[in-house]
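Before I ask anything, let me first share the structure, which is written out below as structure tokens.
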Amino acid sequence: MSDLNTAMTERYRSSFLKEVEANVEEGEWVKMCMQCGVCAGSCPLGNAWEHTPQKLFMMIRAGKREAVLSSDAMWMCTSCYNCIARCPRGLPITHIMHGLAHYAKRLGLSPKNQPTQQFAQIFWDNLMKKGRVNELKLGLSMYFKDGFGQGIKNAMANQKLGQNMMKAKRMSAMELFGGHSIKDTSGLQKMIKKAQEIEDAKIQGNS
Amino acid sequence: MSDEKKFAGYICTGCGIGDRLDPSQLESIATREGKMQSCKQHEMLCNSEGVQMIRDDIANDAVTHVMIAACSRRAKVEAFNFTDVALTRANLREGVIWVRPDADEHQETTQEMADDYVRMACAELRSMSKPASSGEQQLNKTIMVVGGGITGMTAAIEAAAAGYPAHIIEKSGALGGQAADYIKSIPTRSPYSEPQDTGVAAMIASIEANDLITVHLNSTVAKTAGAPGRFSVDIATESGAVVTETFGAIIQATGFNLYDPSGLMQFGYSSSPDIITNGELEKLVKASNGGPIKRPSDGKEVKAVAFVQNVGQSSTEKGQLSYHSGIGDLIAIKQAMYFKAQNGDCDTTILFNNLRTPGAAGEDFYRAGQEKMVTFSKGEVSEVVAGDSLEVKFKDLILDEETSMQADLVVLDVGMMPNSGPDPYAVPMVIDEDAEKTEEAEVKAPTVTVDSILNLDYRQGTDLPHLKNGFTDSHFICFPYETRRTGIYAAGPLRRPMDMRQAQDDAAGAAMKAIQAAENAGKGMAAHPRAGDLSFPKFRMDGCTQCKRCTVECPFGAINEDEKGYPMFNESRCRRCGTCMGACPVRVISFENYSVETVNQQIKNVEVPEEFDEKPRILVLACENDAYPALDQAAMNGVEINPWARVIPVRCLGSVSLSWITDSLNSGYDGIVLMGCAKGDDYQCHFVRGSAMAHERMGKVGDTLSSLNLEPERVVVYEVAITDVERAPKLINDMAETVEKIGLSPFKF
Amino acid sequence: MAKKEVSFYPGCSSQTGASSSNMMRATQTMCDELDITLNEIPDWNCCGASIGYGGGGELPRLTLSARNIALSEQHNPGQDMVATCAACWLSTREAKERLHEDQNMFRDANTALNEANLKLNNQTPVRHMVEVLIEDIGFEAIRAKVKKPLEGLKIASYVGCQTNRPFGIAEESFENPVYLDHLIDSVGAESIPTYEKKVQCCGGALAFSEPEKSQEMIHGIIEAAYDHGADLIATPCPLCQANVEIYQDQINARFGSKFNMPVVYYSQLMSVAFGRNSKDSALDGQIIRAKSLEDIAGK
């Protein structure tokens, strides 16, 4: 993906804003931010970020490409949609955050080992296998993302939680063996592959 | 009509007056003490039957003076509008029954209040005569407009559209003013997304085609003499020729100048031809003739432009403007669009701290700028460094960091300064011209023009008085167009910073006011706020000491002096506030229906009980514009007022004669409350300076009190607003408490 | 009451052995009582949820939801597509609207769908079960169905984020939606309209990846319910329910609190109030048992 990054840097040398407009979900809204800061004050994880949406938008306009795309701020989005509900300019801020996160990841610039980023990928891979999410495998993958040893530790720490869930029949060991699935997995996979191709071509075409 | 006076009283018994008071006693007071030749009661005097009764008496019985004892003089004014007679009102409803509790133990004092108000009204009426204009009045429908910019052109077009001829006096060689240099203007129509045509060319064409409008180019006003209805103006052309024209009213629309940023070294205005003001940018773009916009230094096409906002404005620094012009950010958006229209890739950055986009277009136009990829950066510019590429150093206020950007051209958003003539009051007026000149007042903010624009032949200076920062003084809330020179209206950025659209609205308003002033002057009637008043000040020459207090203290510069130093009142310049009357130490100035005597008679005819009765009397002199209506409103709300109070409305506190104070103290009043409007920079006084003058004059009452051996707290002066509905009655009631504390006046007879 | 048929989108968590299988059971009970037939969309897939953006780009994610809408249109024509999960509803409705506004995206999504031999018309309303209850059934009809009013129970309505924003329920405010309070009142319990954490975020998917930060927020949500004297917290959202209920042990360990607050679905409240037993009302699916509800259900 760093090839894509190089291509993009070349193409949009003069304007990171234009790059965002062309390649980031809802990116054409970034220029409409009026810097009031309501989003920053409305974010439940506002104190956990380095860059508020307001700042990210300003940085995009100031051409701070590297700082924006390597920021962990977008990955702190809980998708609570509070910023969208409150933005006086009607910017779809949540989607822009998702879009920026995805684009940074696509270019290989997002922060390494960022837990939400890892979880997001695990989630996507999980759902792509059977067309439906396998919660047990999802949980275990997350526990074991940092290796076997850490995985055991994590699993032990959450052992009671797991037992409780099993007892309440809200978790099933059977899920480890096959588990729920849609029938037309191949159709779904082909469909998503096609969608990805279309999207990739669009971004490549922009380069 | 013969000169014989015939007095008739009318007592209304409606609205509870008849139930709460003894009307027959009031009637007998009116006839026996008040010397009304007739007095009638009516159960609802303001109905058509009651009004007809009065009308019939005026027509059939030759009644010349009418006393109506009913509601406040501010109520039922349409019904009790008898223009052919002298009229007075005794306020029994708001003044008495509505402010007193309806209980037996209060009956006696309530009736005493009513009795006194009838006595006062009758006494006032006896010293009044029916107002009639001076004979000085003239109707001249032609309006002079000074300044041929957007504002002046609009004023002339509006006046002409209403059928009033207009003359435009323009000092340059062409109409259009500053706007003639503009490419486009801020949009005034939905969707507010593109700059629009200025309309200047169309206006010039319509003026040229209008028979009612005469244009004097390359001309200035050499002298303005006379008064509304009969202004005589010498118009001087560059060649030296002078023509004299007469006008009914004048509109000054001399516009603005842009602040010169050369003194602000950090912006480097003098260090590079590529650092220009927003005004200069319009000319630069115009010169590009629709082609690429090129920078002045080397003609290179501008690929990056930075707009530095709020330069030398909203500042506390010396030599900068303390105010903000309000429209600079809209102008920057408009100008950024010039570049985007030429070249969509041109990097346009607006560096602002507080972005202000007021008006209908504001927010939409801002969004339109964003849509066109104009970059808005919240930043504080610290320095612009000249060079082949200009470096704009600024603090990014969102990212909280010092940074900089490169630009081919930097545009400075400088503020608008009024193009006013010199302020007559920049140096305090002195009564004796030979007396030592006072130190020159500190010059505030940068002033632009020192040359006179109107060259008024007035006792109080050559031009319109300023409020602050050179902007024309006017009553900003109640009648913004009225200046302190009757019949001369300021319009456009002379009054406050504004955009073209606002200036056009302003010009239309000023044109309407000018027409009204010309018409009023033709009838001898006053302008705002005593619109329609026919009375005007007269003076008794044999008593006048030529002290010039009246000519100096008139807030409107209405009074000139003749060669011997006697006042010349110029009826149509007068607002009828009576500040001259209050100023006159020898009491020779009076109006037909308002004089030292009409109030003195009211004061004297209040029955002051003897000391052992323990019924104090408190005189309240209340300004008719704010304090008196506040008291009326309090009455409507059922607020109680102390029964010792006797309220006399005055035209303005500025009209209060010191003799009223000394006379009432001498005749046994126990306390005096004066209520005027707010004074000072944020004044509310309808006559601008009246309240302030009264406060100054009352400063001297202390001497009178101490010479009479009376306590200083017996006389108080307050600033009261029309909204002080609770406070105004309380101030009166407070005085009653004060009197209770310090005891009754020893001057009872 | 007229019989109502909807095209039902249960979502992954509602499946047997999944984290909100209890919600599914109570939803089924509630719908039986209200005569709502749930026609499950055949072969529905995961919506991508709010965390899918990391791995999936915009078009792949929209296409996931487009497949569900297309299946609904194909198999349950003329029926409103209804979801009980906040994220399922949000993703689907978002996709529907985005594909409606952006014709290029609509065309691209159909190109991808074609790979699975599907076609999207995008004419189907996408609704939340709560909308069906409020708009189609109505509070009055719900009240009329109550056999065992939940008298004496004080219940904090925890609406959370995604049922409320950005779409929300018609006529409701984002800052203080009141429909859940009305539902609580309708089944005879006492709502807490001033419950200030009503729309506070629980961390959503970040409860997994950022447990410390999320549990701090969850702590506040539960604490405020205790402060108001709540016996229970009720929510419409499966992730809210799970996050607020299952981490209470860990939160207690982290913050030194002694929380033991049952967190239930509105559908469970209704099932009990409609006279159904604990099992039908899925009270056995609680990790923190809702004793007070069990008592009423057992009467």
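Chains: A, B and C, in written order; residue numbering restarts at 1 for each.
We take it that a contact is a pair of C-beta atoms (placed from the backbone, for glycine too) under 8 Å apart; a residue touches a chain by one contact, two chains touch by 3 or more.
From a predicted model like this one, the values you see are computed outputs, not experimental measurements.
Engineer: Graph shape for the chains shown, where an edge means the two chains touch. Line, ring, star, complete, or other?
Structural biologist: Graph shape, chains as nodes and touching pairs as edges: a line.
Engineer: Just the chain pair, please, that has the highest number of C-beta contacts.
Structural biologist: A-C
Engineer: Which chain has its C-alpha centre closest to the mean of all protein C-alpha atoms shown?
Structural biologist: That would be chain B.
Engineer: List the centre-to-centre spacing of chain A and chain C in whole Å, with centres computed as mean CA coordinates.
Structural biologist: Once rounded, the distance between the two centres reads 23 Å.
Engineer: Once you find the CA centre of chain A and the CA centre of chain B, what distance in Å lies between them?
Structural biologist: About 63 Å separates the centre of chain A from that of chain B.
Engineer: Hey, which residues of chain A end up touching chain C in the complex?
Structural biologist: 25, 44-45, 48, 75-76, 78-82, 84-86, 92, 94, 98-99, 101-102, 105-106, 115-121, 123-125, 127-128, 131-133, 135, 139, 142, 160-161, 164-165, 167-172, 174-175, 180, 182-184, 187-188, 190-196, 198-199
Engineer: Using the touch definition from the top, list the residues of chain B that touch chain A in their complex.
Structural biologist: Listed in rising order, the residues are 345, 347, 355, 366-367, 370-371, 373, 375-378, 396, 398-399, 403.
Engineer: Help me check something: in the complex, which residues belonging to chain C touch chain A?
Structural biologist: Touch residues, chain C against chain A: 12-13, 15-22, 43-46, 48-60, 62-64, 67, 108-109, 111-118, 161-162, 165-166, 174, 199-201, 203-206, 208-210, 213-214, 217, 246-247, 249-250, 284-287.
Engineer: What residues on chain A touch chain B, complex-wise?
Structural biologist: Within the complex, chain A contacts chain B at residues 14, 17, 31-32, 34-35, 54-55, 58-59, 61-62, 89.
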